[in-house]
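Heads up, the next two complexes both have chain A, just with different partners, chain B and then chain C.
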Partner chain A sequence: MQKIEELMYKRASEMLESGEVDRVIAWKKGETCYDVSPATFTKDNLEGFVYDAFCGANLSKYLVEESKKGGKILVFLKPCDTYSFNQLLSEHRIKRENVYVIGIECQGKIDANKLQKKGIDGILSVEEKGDKLTVKTLYGDKEIAFEEALSVKCETCKSKEFAVSDETIVLNEMRDNREKRFEAVERLEKMTEEERYAFWQAELSKCIRCNACRNVCPACTCTHCVFDNDKSGIAGKANADSFEEKLFHIIRSYHVAGRCTDCGECSRVCPQNIPLHLINRKYIKDMNEFYGEYQAGAAVTALNPIVDFTKEDVEAATVVGGKK
Partner chain B sequence: MQEITTTHKPLIVAFCCNWCSYAGADLAGSSRLSYPAEVKIIRVPCSCRVNPIFVLKAFQRGADGVILCGCHPGDCHYSTGNYHTRRRMALMFSMLNYFGIEKERTRIEWVSAAEGAKFSQVMNDFAKTINELGENRRLEDLRCKK
Partner chain C sequence: MQRIGVFICHCGSNIAATVDVERVTEALAKEPGVVYAVNYQYMCSENGQQLIKNAIAEHRLTGIVVCSCSPRMHEATFRKTAEAAGLNAYMVEIANIREQCSWIHKDIEEATEKAIVLARTAVAKILLDKPLTAGETGVTKRALVIGGGIAGIQAALDIADAGYEVDIVEKRPTIGGRMAQLDKTFPTLDCSACILTPKMVDCAQSDKINIFSYSEVEEVKGFVGNFDVKIRKKARHVDETKCTGCGVCMASCPSKKGLNEFNMNLNNRPAIYIPFAQAIPNVAIIDPEQCLKLKSDKCGLCQRKCGVGAIDYKQEDSFVERKYGAIVVATGFRPIKLDNFNEFGYADNKDVVTSLELERLMNAAGPTKGTLLRPSDGKHPKVITFIQCVGSRDVSGCGKPYCSKICCMYTAKHAMLIREKYPDTEVHVFYIDIRTPGKNYDEFYRRAVEQYGVDYIKGMVGKVYNENGKLMVQGSDLLDNKQIVIPSDLVVLATAIEPDPSVRDIATKLTISIDTNDFLTEAHAKLRPVESPTAGVFLAGVCQGPKDVPETVSQASACASKVIGLLAKDKLKGNPCVSHVDENMCTGCSQCEQVCPYGAITYIDKEFRIGGGKTETRRVASVNPAVCQGCGACTVTCPSGAMDLYGFSSAQILKEVEAICKR
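Let's turn to the complex of A and B:
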């Protein structure tokens, strides 16, 4: 990753220097190595520029606001982020001509929480060596399998192809885990209704309605969101009843159904570790099964299955049961 | 000690489109075919008028079952409304079931204006199913329950 970061830094400073772009959207170091956040860089200030295993954040959504400000922007996108970018393009949320996209290599991002849960505390830095991850900590070096530290969204990475890019920086072949994508959803489908109810009840009751999942989602770019509308009856506030917990999640996931690229950001940012991607992925799986394979963001011109229909569509009763 | 007995009276919400299913319900009435009193009909211009949140709100307000009735595919007064309904609700109902809500609580039926008998039979059958299932416990809002 070190090498990739160097190449990225080189391209960013070149392009800023030559005036090809005015700003760069990339990741910035925080106080600790795992506290990386998205940031905008300019010509005289590339300080803190970083690209490593903690750069999980999807930068595409920041372009919605940034590209309105005028000027040309360079953005670095991992393979999964390029789908979000495409989806935003198809929704006319970003001006393509204002953005220069560099697709970058990604071997999966790691989740510091997972390291901490494994008892690895006081993390100073990490180093990837093939399938292993060496973690330097205050208490000495620890080594664990890279796989074990992977963030949830990367465990089932859907693709390592760039859906869109103007240039790419890729040195090594990238791992993907697409065959595992629907495993967890299938496991839930196989449970009884009662078990599923208990599962979701336990998960969703943890929700504190912080709205982080909405705020981070590249599909959630409405300027006036229902959850900010006091008159909608579902405005953002702490859930007062178990019904509200479900209501929020059903509405949020339904709003992005067909537009959700399965980028996994919602689950990544949830402070309560609710597996939100399993809700959205269920819609994706259903749509694939009922209406044919569809990947949001794979093409800019594709029609979202939820606004489309055919005369031969399956009946709800056939797919859900409905009748006894 | 006084014995506490509660008998649950089920509530069924039926969204019926104006042009076919509502007329079907009318025909059932004028043909003196009965359908259960627990079925409350809400007339909508077209089945696709039913925003998925209507279904959720119905459950919130105490419905034990929700049924959508529209024109047969191909016969929608607005040509394509019910095709959209079919997709939306297939996904929606599937999601509700994924959350553990009993799949029998939601249903879609296509009932034409000439099918008074079908309307009555569908409603009787649905009410029977909901009666057997009992109270909706998994998608209830306790604040709305009396």
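Let's turn to the complex of A and C:
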């Protein structure tokens, strides 16, 4: 990743210097190595520019606000992020002509929580070496399998292709986990109704309504979200009861159904570690089975299976127990 | 503050026998917002309507809830009543306590409870109703007829007769449909061509009728009075304006092994052909799958022979876009495929034919020039066995559950014609039931039995097999209670009919509905039998349900009168219950645009103040109220709730749900 970061930095400075772009959206170092956050860089200030195993955040949503400000923007997108970018284009949220996209290599991003759960504390830095991850800590070096540190969304990464890019920086073949994508959903499907209810009840009751999942979701870019709109009748309600805490997630998942690219950001940012992405991943699996394979953001089109009607669509009466 | 009146109808005993109307009245009088509640025997009667009008004046009502039959029956009636009394027509709600309550319940207690809930629900909704005004749109004074069978032809002739322009879009190279393939027609046994072709010629000669043959409907947009239709004229490879129909090309074509569809593939035709002598338009067409020039650039003989230079190998599909005020669907039928009926040996024996094939075998313009010869060896069949209900009334899933309606009659026709022309022929008919209601129909069937000595056997055929060149028809004779085997020379299957498969596509394009058998559904089975549920789209002929020629023609003429009634209007009142967008909430995401089946939504860039003296230009949705049909698809698609319907707002629907759930 060191090498990739150098190449990215080089391109960012070149393009800012030449005036090809006015701003760069990339990742910035925080106080600790795992405290990386999205940031906008300009010509005079590329300080803290970073690209490493902690750069999980999907930068595409930042373009919605950033592209309103005018000028040209360079953005770095990992393969999975390019789908969100396309989906936003489909929904007219970004002006394509103002954005230069560089697709960058990604071997999967890691989750510091997972390291800590393994008893690795005082993390100073990490180094990827093929299948291994070396973690330098206050208490000496630790080595673990890279797979074991992968963040949830990268465990089942859906794609190593760039759905869109103006140029790419890729040096090595990327780790591909896509065949595992629906394993967790299948496990949920195998549960009895009661078990499944209990599973979601337990998960969603942890929700503290911080709204982080909505705020990070690239499909949640409404000018006026129903949860912030007094007229909607469901605005700003805290989870007064278990019904409401579930309803927030059910409503949000329906709103993004057909548009969710399965980027996994919702689960990544959830402070309560709720596997939110599984709700929409189940819808995606169903849609694939009912209407044929569809990946939101693979192409620029607002016509997703939920808003598209064709003669070939399954008739409600022929769908039994979620199967054709 | 709203002042609501509730009017509960007994509908004679239809409602009052199962719903305690007095209790409903008492309960509703207590509902917040309701200032008056009354019940009456027939609310829709003159007196009932007067009662409503008086109450509106006397109690200064701002809205009325009528608890009666389905809004499909009398919503329009009560809107007019309200209007006559000075109320806005849209301050009317109907609680359907008949179809959705009294008719489906037996228990008075339960039905009364439910009627109260339904009435309360309507009150909850009306409290949020606002007066609405319907807009007006113009009417394009031209009709489109899809399908040029007898149904389409008759509808077109009648509409043209009233002075309106009509276009017929026919997917085959000629109009005429199935009737053109028939030999003689029951019940009068006149020659089909003799009665059909004059009508086809009338179509061609009418200056009001325009025929797009070998054409299909590509795209339909718009709404009643204002349909925009794109028509694909498939490449004929012959210039219609030049071809005189002389037929020289047909004689010159060396590729003569094409299957003759008009003769049910029983003989061959050249690659360039005119389907039959009286085809309209009388213009040749090239089969691109068969033409040597088009397939391998060898040949070109017909072009050299054609005296008027009509042949154009490079011709491509072309498109015509036109506006119409009304559309008639008349896409007809085809006999079903017999793949599921191996027991009758259709695939293996040339001498097992369908009834439509028999029509061609008996027709003077058919493959045998009208002499009945069997396909295998060209000999006269001496024993002919008919099997009725092949694939009809079949609940096993192999065929169709419905009765094809025409087979009893045409089988009697076939049997009679054969006995008449070839008295030495033995004719047997296996039947399940004989169904011949209708003027002179049963008499027709009886003539076959009594006068022509046709042997009718009540029973099913188990199988047909070939034994030394004889077709052995093995079946049961239910009246004599025994198994029989009839060695036959020709077996005729009265094959079930089904809607032309393209009807699914047409239904989708026109947003009209089909039933489980793919027949088009009418707006009301009894009271609006020729209208589709979509305003401005009408149904004629077998595409709507099995029927014979007289019935088809009646329906087509009925359709035409509906179309004429529509085209005669200069303005149409629109439906004010349309969608509208709250621009402050719209994100411009395009989802509603995609989901809208009528193409009513477009986008505009608009400037909005965002505070601090600044503005921001945003893309927002905009609904064309003339195109919107108020289906509500957009309102449920919009994530932020920016779309809402007048007269059916999300808030109203939630209030209704609350009223239903309230105990």
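Keep in mind that, in the parts below, the second predicted complex is superposed on the first by the 310 of 324 C-alpha atoms of A that agree within 3 Å, B and C clash if a C-alpha of one lies under 4 Å from a C-alpha of the other, contacts with A are read in each partner's own complex, and residues count from 1 in each chain.
Criterion: contacts are C-beta pairs under 8 Å (C-beta built on N, C-alpha and C of every residue); 3 or more make two chains touch, one makes a residue touch a chain.
This structure is a prediction, so every number in the text was calculated from the model and none was measured.
Steric overlap between chain B and chain C is present once the structures are superposed on chain A. Once chain A of one complex is fitted onto chain A of the other, the partner contacts of A:313 are limited to chain B, with no touch recorded for chain C. Of the two partners, chain B and chain C, it is B that touches more residues of chain A.
In the superposed model, A:255 makes contact with chain C only, not with chain B. Shared-chain residue A:91: touches chain C; no touch with chain B.
After overlaying the two complexes on the shared chain, residue contacts for A:302 are found with chain C alone; chain B is out of touch. By the document's definition of touching, of the two partners only chain C reaches A:224; chain B does not. Once the two complexes are laid over each other on the shared chain, residue contacts for A:193 go to chain B alone; chain C is not touched. Once the two complexes are laid over each other on the shared chain, residue contacts for A:139 go to neither chain B nor chain C. With chain A used to align the two structures, chain C clashes with chain B at 21-29, while the other stretches in 21-29, 93-101, 111-119 or 129-137 stay clear. Shared contact residues of chain A with chain B and chain C: 233, 306-311.
The touching residues of chain A, counted against chain B in their complex, run 188-189, 193-201, 233, 240-241, 243-244, 246-247, 250-251, 253-254, 257, 279, 282-283, 286-287, 290-291, 305-311, 313-317, 319-324.
Contact residues on chain B toward chain A in their complex (touch as defined above): 52-53, 56-57, 59-60, 73-74, 80, 83-84, 86-104, 106-108, 129, 138-143.
Here chain C touches chain A in the complex through residues 504-505, 508, 584-591, 593-595, 597, 603, 616, 618-619, 637, 639-642, 651, 654, going by the rule given at the top. Remark: chain A residues 68, 90-93, 221-226, 229, 231-233, 255-256, 259, 302-304, 306-311 touch chain C in the complex.
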